[in-house]
């Protein structure tokens, strides 16, 4: 079960509120690279973890719980960035941009409102919501928890790699020193989280964990296709050469090679449509 | 641009059609672990690949193109498994299960129809569709293409790891020798695809690719938090120990340690609701 | 504005309630071939119809309003088919299937519950909901209203063609005479609705409405590609011959021909990743 | 920030695992009446709460944190109910149901697999996932946090009312004593949560909180329509009479009455389609 | 069944079309607080209403039918606000903003186009669509119809409370007198609709309707947790005090109290992964 | 199976990159009128095509394969249009718009960033993604493949009609000569694709293909309603007259007429809520 402390994990300060930056921060809350995703992903992996070694369950729970606090920090940052947002178009014109108003006849600019997520104004009363930066709600199909620990750890590395890439982009986009400070902390945590899931893969044996799942007897797969890079080009140009076309495979269980792909099957033949199946008559009985 | 050959990449045969297996195969078509996802993911990564080394773009294009053929094989397998599916409840009762009909008074069993995706009957005329095994349509937010090659390669390893886990589960669930043969081929290809994306990461420098993105100056992150595992337990039990709590970090740039998390920030203070923002009066003016 | 009469447009009777048929009927309510879709589609087309001839706006409004009544009939049919559904697994075992219970030791069958949409039991209290037959909620992106009347009329023909195909499949699946009667009415209305949208296209000039939109000066398109069927096969087999590869085009503005497709462009060249864009270092600076 | 204790808030025991009950429990995890929803809803309301009285923010945080533990309990219950689920169709036939196998020739029943969420088998390795009982992923658009405290409290009462209705249905469907015990606890908590949000509304003034938002000057609304029930029937039958058609309004600011609705506006007139807007020619220039 | 009158329920006039306001109005059409939602919600509640008192069914039908007319008014308002929207970027530059063009060299501003929903231009030909103000299509999972009348009435109060909050925000954002007039009518109707659903709850007994559902025997719930507010803080600070922590409960069936939450269960123990379940070998057999 | 050539089907050049045009082009990639949709639609129709005449399967495969190349062209166009997009707000201010900066004090304009899809900056590193122009991901429920060839051909005409309408709107919006050239090619292909599906319908018999499905015996439908236009107006104004209210029907199987709709059914009567169904007590037992 869970507990909270009213204080934030790390300080969140905003000196100059910026409603467009509030919008951009939404990606780190409700985007597929964001914190709701990793939080729920680590929780569902933990709650479903099977196997004799419960350490991974514990490890996941600690970090999942930390991630709730990251959503909280970002939601706070969004609300603070929206503090002075114009509520109406008039407000924009009348208060916020006197110089431009002069140029534009008191009618414009409205781009501050135009660049906002409209739901920040219309649906939340100037607060964060569980959507991405373009307003699309987070959808929990992105919570990857496969029941295979190694697959899940790679999913977690991916989530933290795209998450840190996003955080870096936000850092580069940020002007506000408070926001830069907050992001420098979140970037550091993403560094660690990438590292810890990779460490777990190493603990699971590294190459010995491959191919995933490693509990399937490879004698049952068509092994002549297990380590061959298939080219699908028509130009007569061979596929690119690289670590993946020659030498020992990464799992040490085969040798990489490369081959041009060709059809091994025939054109498929499906049965005709059956009476009563709602097809056209011509699909049922030959004309 | 693209070309096709009417023949399949690998033979697809079904001796004993089974509409429930048709349903299960849908997960490999339109599930998040499925082939539409990897196909579009590799295409979008290729089409957006930036950088001086165009080999990764090429490598992605070859494999993306191969994946179209995998969707085709699976869609064919679904259609073949639906060949003899009952179109109606009566048909089930009247033809398919005489023994049970005797026991059950000619009314039942209908579970063959009940276990089907209803849309296989009602929407497709007994053919595959781009949904998962529970009928949820594939949604392209699962196409990960971050603009960071290393993050994308980890996303690809993940996709093939969950994809091979799914294919193994389908193989274990399959009775039909034709289906087992087809899956033994797809499992082999997933083996290779896991390997080739890992090989690409090695080519990018392995640990040198980390933390992702490696183009961000780590001096700008709060480095005291970059390699520390934070425990969030309240029971007085320390976090689990492992490769991730001591010793050199995976990227060789730090030393792992572990620490109990504590709040470093304060309870957040948001401004009151503003007049005209649609809040309750009490949120605007103190009572 | 709108009015209602408590009575249904056409009688809805169910003699033998069947919870699986309730599930199948959901496709006609909240499926993409269903009545919510056509209802909202005709309304949004009507409400946005521009042009001097307001007859199409009126025509759409009449039929959109009729469709509300069709949703109502189907929702009533779902509720009636759920009247005697088992609320619990015990109820199934204890009451509904004594013969099977004897055979199976009082534990089974539960397939009546298993074949139901679980939300019919858990979320609605045995009533219809705006989802399809596999439980996926209707999503209004399927409301096609393009602002081009001819495109919209084809969208409407399509909706009624797939709608009538669905209704025919449901009719074939139905045992209950009341349900067959209701569906025989809905099928007839779908017949008419297909006809009326086709009649509208004829009124708009038939071939003169093509290509859609007909307000674009065809001199601005690359006309050498406007009436040529492009083959993309690699087998050396030419594309299939038919009405679409020779003779005058359907719009009378060209001659059909067929050609093997070949690349006319070059391999694309994108600029390298920019500093600060979150890419890997190798994408920014050549190694 | 947040902390966890490895122990559950309340015991979760399953004596007789049942994969269909696992499916039904999913509704309480990822359904719109479920625990992910209330958890995130209370969090986002708390994190965005504005106003001088921070008690509501605190109150929401306490309960939001409790709800994480409820998701955890339910996810554990799903995993335990899936412990003995058949992994394959053969396994069903060969092991699980010998009596039926005898009757049915060793081929059947497969309805245990057929009644499962296929993704429990194929995507999770027998664990919970953030979807509803029909496999639809939870989507965060259901997190209601409007920025108006009174509206949010009604949203919370609604969530707990539908949540307790669901929990009662699950209790009625449950056979397992451990599951009944767990649900008797969750039902009690839903009782309290309904009560506490209603108590908050009373604290906000009850009728004085109405109409929501109470910060809008009612003089600006067309008050002759503010307390009148409008009938839309065509049968000549007046609207139903009740508390809502006569007597003082609930907020004490008006008198209820009832009236037949009639059009007060005209048929709308939109401008013709503009050149270059992609309409048909006929929409742009009269024929 | 249903009928229409071509005239609008209330006049819709736009003096100065504004494409950004068109965008904002979309929230009231296809947002979760919008009119499609209440329309379909009241219809599905009516069509599934069970119980001896058919008045609630009737009451719901009258108001559901009224709501179609509100969608119509808003769709008309969107189309009118888009009348003069720029179709292209050039048009913006060339016609609409000569002063800025002078300053900016004829290149800009384009923010009028930039602030629009692009689909208003590209997909609708300048008309309304069933999406929210950020372009997300309405999804019918938001149609709450639980089969429990009291739960549904609270859902309806919530919908009208968030709906009126939205309408007030739009009123505050509106400059156009026609739009303000239309919104003053819609706000009044939302006032009434809040009132009428609350009146229905009072008719159902007010506190006697609680806890919802009131048909469940409370002796079956763990009543020691039915009226206690559980604190989940770790700071040693007790939960906030209020109407919800002391005194008689709202339903008169208990006494409120407050307590710090503690774990009553144990850490969950799941069985190991089973052979053939696609897990890693280490999850199946201890190393 | 499938092959690729690295070269594009048609040249894609961008002289003046424009991030807003990149956004608009997204509609042609991941919008419901876009190329992912037609590509997958033709593939799924081909892979599920049943009937003796395999020409339609072949015809669909050729064009489906062509459409992959169209997605590729558009994705390339998006990436090229994003080449010089500002990565940060500062960059905008500092580099891109010196004149405005002077006027606005170095703070603005940011509308170039504001008008972008934020995910182009934050999630893709300046590349295309499978979403529409407002950032909503493509969802494969839009892949229409009904199992009825005639219905599918109308669906294809519709897709190409809305697709060409979109392409025309993009052409009108485009300033860049390279973009206009690319679009003039895509418009031409849409012309042909409209034509070829209409030609297929003619081959299937034109009117003889109607009503769809033509395999249903019309004697089973309530034929008195099969060719009558039903009016639903209350104003006493008859429905509009047209080709659809008089004369022979389009399929030559009936005569059009028009009639005012009236209720033929009764008000529906549902059974009361059952004990244990989670309803309110009042719905179960009369008060």
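Chains: A, B, C, D, E and F, in written order; residue numbering restarts at 1 for each.
Operating definition for what follows: a contact is a pair of C-beta atoms (placed from the backbone, for glycine too) under 8 Å apart; a residue touches a chain by one contact, two chains touch by 3 or more.
None of these values were measured; they are calculated from a predicted model.
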item	value
Smallest count of steps, each to a touching chain, taking chain B to chain E	1
Copies chain D and chain C - interface residue numbers shared by over half, same or different	different
Centroid comparison with chain F (C-alpha atoms), farthest chain	D
Far-end chain from chain E, centres as C-alpha averages	B
C-E against D-F, pair bridged by the larger set of C-beta contacts	C-E
Distance between the centres, which are taken as Cα means, of chain F and chain C, whole angstrom	12
Separation of mean Cα positions, chain C and chain B [Å, integer]	27
Residue list for chain C, restricted to those that touch at least two other chains	1-9, 32-33, 47-48, 50, 58, 61-62, 65-66, 76, 79, 87-88, 103, 109, 111, 114-115, 123, 125-126, 131, 134-137, 139, 141, 146-148, 150, 165-166, 168-169, 172, 212-213, 216, 232-234, 261, 263, 265, 268, 270-271, 273, 276-279
Residue ranges of chain E touching chain B (in the complex, touch as defined)	165-166, 168-169, 172, 234, 276-278
Complex contacts: residues of chain E adjacent to chain F	1-7, 47-53, 87-90, 103-105, 108-111, 113-115, 117-119, 121-123, 131, 134-137, 146-150, 204-205, 209, 212-216
Chain A residues touching chain B - in the complex, by the definition given at the top	3, 5-12, 32-33, 55, 58-59, 61-63, 65-66, 73, 76, 79-80, 83, 87-88, 125-126, 136, 139, 141-142, 144, 146-148, 150-151, 154-155, 157-158, 161-162, 164-165, 168, 171, 184-185, 187-192, 194-196, 198-200, 202-203, 210-213, 216, 218, 220-234, 239-240, 242-244, 249-251, 256, 261, 263-268, 270-271, 273-274, 276-279
In the complex, chain B residues that touch chain D	18, 20-21, 23-24, 27, 31-33, 97, 99-100, 103, 109, 111-112, 114-115, 132-136, 166, 169-170, 172-173, 175, 232-235, 237, 261, 263, 265, 268, 270-273, 275, 277-284, 286-287
Residues of chain A touching chain D in the complex	1-9, 30, 36, 40, 43-44, 47-48, 50, 58, 61-62, 65-66, 68-69, 71-72, 75-76, 79, 123-131, 137-141, 143, 145-148
